[in-house]
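Just below sit the structures, each encoded as structure tokens.
In the two complexes below, chain A is the common chain; its partner is chain B in one and chain C in the other.
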Partner chain A sequence: MDSIEMPRVSRRSFVIGAAAAGTGLAIGLKLPPFGPDVVRAADGSPEVTAWVVIKPDDTVVIRIARSEMGQGTLTGLAQMVAEELECDWSKVTTEYPTPGQSVKRKRAWGDFSTGGSRGIRNSHDYVRKGGAAARMMLVQAAADAWKVPVAECSAANSMVTHNPSGRKVSYGKVAEAAARLTPPKDVPLKDPKDWKIIGKPVKRLDTVDKLTGKQVYGFDLKLPGMLNAAIMECPVFGGKVKSFDAAKVSGRKGVKKVLPVGDSAVAVVADTWWQAKTALDALPIVWDEGPNAKVSSASIAEINKAGLDADQAFVGNKAGDAKGALAGAAKKVEAVYAYPFQNHAPMEPMNATAKYTADKCEVWVPTQNGEAAFAATLAASGLPADKCEVYKIHLGGGFGRRGAFHDYVTQAVRIAKQMPGVPVKLLWSREEDMRQGRFHPVTQCKLVGGFDASNNFTGLHMRISGQSILASVRPQAMKDGMDPATFQGLAPSGEFEFGYKGIPNYLIDHAMRNPHVPPGFWRGVNINQNAIYIECFMDELAAAAKQDPLEFRRKLMAKNPKHLAVLNAVAERAGWGKPAPKGVFRGLAQMKAFDSYVAACAEVSVSGGNKVKIHRIICATDPGHAVNPAQIERQIAGSFVYGLSALFEQECTVKNGRIEQENFNTYGSMKIAQMPKVESIVMPSGGFWGGVGEPTICVAAPAVLNAMAAAMGGKRIRSFPLKNHGITLV
Partner chain B sequence: MAKLNINGKVHDVDVEPGMPLLWAIREYAGLTGTKYGCGVAQCGSCTVHVDGAPVRSCVLPVSAAEGKKITTIEGLAVNGVLTKVQKAWLDHEVPQCGYCQSGIIMAVTALLNSKPKPTDADIDGAITNICRCGTFQQVREAIHAAAKA
Partner chain C sequence: MGVKSRRRFLTVAGGLAAATLAPAPRAQIMRTPLNHMPAVIRRLVGVRSITKGRVKLDVPPLVENGHLVPLSVHVDSPMTAANHVKAIHVFTERNPLPEMVTFRLGPRAGRARVTTRVRLADTQNVVAIAELSDGSFWSDTTHVIVTLAACLEEAPV
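Let's turn to the complex of A and B:
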């Protein structure tokens, strides 16, 4: 077998390495030498359930279907399985099953999709059952061996004990027998009050290799005989390649091939990526830019602006008669906000490695959704599922770019198909990554609020105009032409429930306007600008009513006790109502996102009218169950970096149909000097499972904006990023 | 043909002298712990030490590194013993995705070599790396912890 850099999931796991080398499936095979009835890992260790392999030395290998991209889901999911398995946490390692194996086993590991902060909250039930069933089988196997009733045995810390006699056996010794048992049908789960690992700030399983350079990301993959490809796709979305002059670069050192990729891109394949990239830079390409070559940010903004007053709009949420209330209002407040396109810019640019032969196509890729990568591989290779395989490699960030889209996989396979038998690693330059994003959608929002003669807030009309993600990305999820995802945080009920159901009359609607720039899910996505729109406007309304922003909100939140609880928590921690330090001003925001209730209070000072210093942000989240509070705190702080970078610095502008920004010099991202102190309040109230990676991002920007407005004597900024107004974060 | 001394080992690399050091390290010396994030000295993912000083290797021509001592992330831990910076990183669980961390650790190591007890202002001035996951709060904590270690 050729030597290979193994895409390891954790430092102690090695099983998947054999699969990655293409020597056969690591798991899912019934290998006769070990007996007919047991599913084996690559090293022959028995699989007790699809989620749990136990080795003779008691090492526990927990299978993780979702992707680790920094958010900690790998550790969190392992905690879930380990909790019910009653195993020794120090013996836990993890591995990724492959999508091909999952297909063969009727999706034994369920959904692979790692987006929408769903990793844990959508699989908590079946992964815990996978652990619990394994424990039951291990206990049963021990009881069988001892010929004692199973009820006399218990399990803890990777040991089964026969309670009356005190006899003990380790999991590793009974795993083989356990794996032969029929899995139990009825698998009860623990009462949350008995949890020992879930809810604890256990250390992540995947840290060490990230400190020594050992961790292999997609960008780092090496395969024997591998070549490297650089690519450029038509920078105008929807455009095509007209021609390219391969002869100009094909004689360059290391260059192996200059290829068309589909009808819209050209790649150079060379020994090294630097050779490929410099040759590509020198390659004359003529584009047919298509019908969008004249589109600009200004033309898109015009269209969205018109939607603010359009007659037709999809109603996402309403109560009472908002238009009537506004028509009869004694006083009206109106504001228009706008939010730009933004790129995900994960630290590791897009990449994928593919190897194609007529009867096998293999892809190695950092992906948030192994199954979607698999589907892209099938489609691009033209081979059936049993001839394709995808190996997930560690991601250098995802944030949504690597979930719903696998354009880079399609490209890698198309390149590999033109060079059969040769593994080719396709790497995007940062510039390609910036140009070819799947962008945070562009919208504007007009809000009108009305008060009666006694200064009671009586009605709200919130009109969003602009881009739909689902219309482009997942049209089958549209509801009668409406994109429900547009209404994140504003919905009548569910994971994005509106927090101000006490407003007597409200109407929240969407005039859909879809430009040619491809939209995508993004960390938080629509909740981010929706939170700015509604939460800043709440402060505007409170100011118009001459009321305290917290008190103003509280009156509207009687029907939203959990929303209110997190808001109260940050207000109390901040000392809302008590004086802030001199020159420091506070701002609030709250939202429900991805089934978690989140709120923030920012403390800000503004100097010279445009230099913003964020002294601290307090953030509360109620995710129902907090699987790993230490990781939740890190996700909160990290989400604020992402959200505040977006607020202050990030916009992708469109000129001549293409994105203008090409790198971090024009698309800035926060530095440590700008980092505020983030204080987290993790307050799980139990009974539900909310997300972690994304929810808190949405409250960062409005809390800061509200504090800024307080600091600037009520002056409001309503279009973003703030750098466009000369405002910087210091 | 250039001679590069990386982590104490001399590599003969057959590259055009204008090629950035980053790609010589990754594609010729085969050390992939040093990352590409921007290629234009903006993000710091590619930070290595050249004669002890932190350098963004994506914009340093190979020719400028010849004859000098280059240290990459792989060169920090000797015989698997983590340095105090790496140890602090482990204790404080700094990395999220981890992609930027090689560069941050190299920048911090250089900072602590020149300023063993940095203030927050020193940190703000010296550490200008981008981390899209947003690990800065833990980075700061871990720097102070490493300084005390």
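Let's turn to the complex of A and C:
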């Protein structure tokens, strides 16, 4: 690398106002008059390493780069640092470094992005090393003060002990000296069998503030002198603003400005958000709807249907000669499935608060990726990095909407730039949030399975037809035109490895058909529909072969032992093979996703042909390591709420180029009374680190669908959501 | 800040970089691999050396998805017939092709300043090299973080 430029370190510490503090403390790099060597937090407490600040009273502040959005990553990461640090867990607090600090300090905390179920599995190594290095430095500092060899000292519970003499000192007292030491280059980590905090179901660090109402969300933010903005972007994607008649609403009480935002949106800024929103509703806007104003769900479906039989397709996975096997098959089974657009619909709509002057642009925003929000701020403000800052706030739901897309940050900065010096809180209405999603992509799937004369399953062709996410969001990741993410759960190897390598001939390919509706990463991304497609079809094949669905699968999974292990675990817990209670039927599903192996078994009854009751659903996950088993169980249950809501209730339809569903009356979700009992089997097999936030979401729907088919005498439903078939969850 | 503390800060930053940015095991973090940029640059300059300086590469330190990145290069040069910039080359170390763009200039350009928009595949170093009329080469390098690259799951093999 070329010569390192000394980062400019400001002598001012920047402090986040109490209202915006979230988990509290500010991070500043105040250089004290006494000894310029130590980097300090805003209150003067020393950084032992960039990951760990220790206060004189032994409070430990752990820096967390990833974002907490209810998934528990904040606590899990803190557990890992604390494990190696050997600190008193009851004195642990956390703090978000800002992305501006990250750029200044050459990404001392690594990647900020929180998505793809990667928060723990991609950071575990270096955050543990950050904690371990701090511990080593604290022990060294104590040993130096006592003038004894380091080897005679040990650390536990925020205390360093000189073992031969029994002398003790607390971390708080040696932190200052430790912070002046050079961090060690070689940082060995504990053997997992020695873990005391990792692997334990410790209480989350963020629960209390949520219960007491102390937790501040972007939605709640209040800054001195702040104005509020409501916005509407052209509801037809790709359209623009032709004109708007500001005069019609400018005189309204509280309305300060009516502004264009980019070339496709209009905002009203007022004293209160309600004044802004009602003025915006009354504002006449003429849209230039652009080329997609005639697109509908039907027109998209027609295009996708044609792709099912198209000659050209991108091959994602194959073995043997599927086409040959199918051509020579004695019996064939064929089915076509379809999956709709869906919106993330987090409880907290998109929002961002921005304040712009020629010297500084600051943004307060709930984001899954502080660095991406910072990048959007740089681009929209036109200011250099050292004049911008983003303050991360806890999210009222992310699910993938707030990771790769910061359109709301761009909008907020553009508005603030037109009102210099004034903090402006931009808050989307629910309707705007539903219209301007980044949608779960729409696809159809045609599956053809072949059996030979001896009833052996010999070949499978799985053709996916429909939207690619990466083609729109990140074309650089395409491989010769193919979108590899389309094949999640169906891939030849890796994080999303296909679970049925025992099928002698298979071909899994994708006819790409991209509509104008902007796609995004909905929780699970492409495993939601892929799991339904393959796992429901496996049951259809088993039925055609008159074999038990579990036995049918097992025979094909000899090369997939870990996939099989979770499948067997749920089957065994459910009592598969033993009779179920009267009227109750069982269904299974399994997949590998985000490097974890997951399976589910649902017990379901159906009455009146259309009322479904889920009595019980069992989930098994093997994520390699389990940092907080209690949190994993909650993630499993939460993912089932999200996934089953989607299955039963959720669809975004397109009419006249725009999304029709604008609120929860037409886009529902599960209620508490409908929620089944979820039993979790967390079975980490060690040796790898798999994700938790997403994988399990994909197995609930196919397990329930397979159970429903069993309950309905083999009747299959192949398009979703189920409410479209008059099916309700009771 | 004195020299001693500067060194100390760099040691901390460097040590932390080693400790905190160590590559994760197995294929958890899949970075776009390095391309053959060093060979391509060597082919351009031959046996001559490249000096850091006189070139100012202006590209944001952080971009959202690398789709459309504004980039400009300015070279300090009088741009006379006797003393001017002949070419400005921009290279990247992780794009599929290391050569990004070459601008050819002469004294009639008036000044050596070019602006364009480029696409970046991943977090990486971007290198601008100016070729002067006296045969010398000057350069500037900027590290650009592409945040969306990290947002995505590892592509299956």
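Assume the second predicted complex is superposed on the first by the 699 of 730 C-alpha atoms of A that agree within 3 Å, B and C clash if a C-alpha of one lies under 4 Å from a C-alpha of the other, contacts with A are read in each partner's own complex, and residues count from 1 in each chain.
FYI, contacts are C-beta pairs under 8 Å (C-beta built on N, C-alpha and C of every residue); 3 or more make two chains touch, one makes a residue touch a chain.
Everything numeric in this text was worked out from a predicted model, so none of it was measured.
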Taking chain A as the common reference, can chain B and chain C both be placed on it without clashing, or not? Answer clash or fit.
fit
Classify the contacts of A:N304 with the two partner chains as first (chain B alone), second (chain C alone), both, or neither.
neither
Quick check on the superposed pair: does A:K214 touch chain B, chain C, both, or neither? Answer first, second, both or neither.
first
Which partner does A:A50 reach: the first (chain B), the second (chain C), both, or neither?
second
Is A:S468 contacted by the first partner chain B, the second partner chain C, both or neither?
neither
Identify the partner contact of A:Y642: answer first if only chain B is touched, second if only chain C is, both if each is, neither if none is.
first
Inter-centroid angle chain B-chain A-chain C after superposition on A [Cα, multiple of 10°]:
130
Chain A contact check, chain B vs chain C, more residues touched by chain C
Is A:Q436 touching anything from chain B or chain C once the two structures are fitted on A? First, second, both or neither.
neither
After superposition on the shared chain, which partner residues are touched by A:A375: those of chain B (first), chain C (second), both, or neither?
second
With both complexes superposed on chain A, which partner does A:T93 reach: first (chain B), second (chain C), both or neither?
neither
On the combined arrangement from the superposition, state the nearest Cα-Cα distance between chain B and chain C in Å.
20
Which residues of chain A touch chain B in the complex?
69-72, 203-204, 206-217, 219-220, 222, 228, 253, 272-274, 345-349, 394-399, 427, 429-430, 630, 634, 637-642, 663-665, 669-673, 675, 677-678
What part of chain A is in contact with chain C in the complex they form?
2-4, 6-7, 9, 31, 36-37, 39, 49-51, 99, 103, 105-113, 115-118, 121-122, 124-127, 129-130, 133, 182-185, 187, 316, 368-369, 371-372, 374-376, 378-379, 385, 403-404, 406, 470, 473-477, 479, 484-485, 487-488, 491-497, 521, 525, 594-595, 688-689
Applying the document's contact rule, which stretches of chain C touch chain A when the two form their complex?
1-2, 5-6, 8-22, 24-29, 52, 60-67, 119-122, 141, 145, 147-157
Please output the residues of chain B touching chain A within their complex, sorted ascending.
16, 19-20, 23, 26-28, 30-40, 42-43, 45, 72-74, 76-77, 82, 86, 89-90, 93, 95-102, 105, 123-125, 127-140
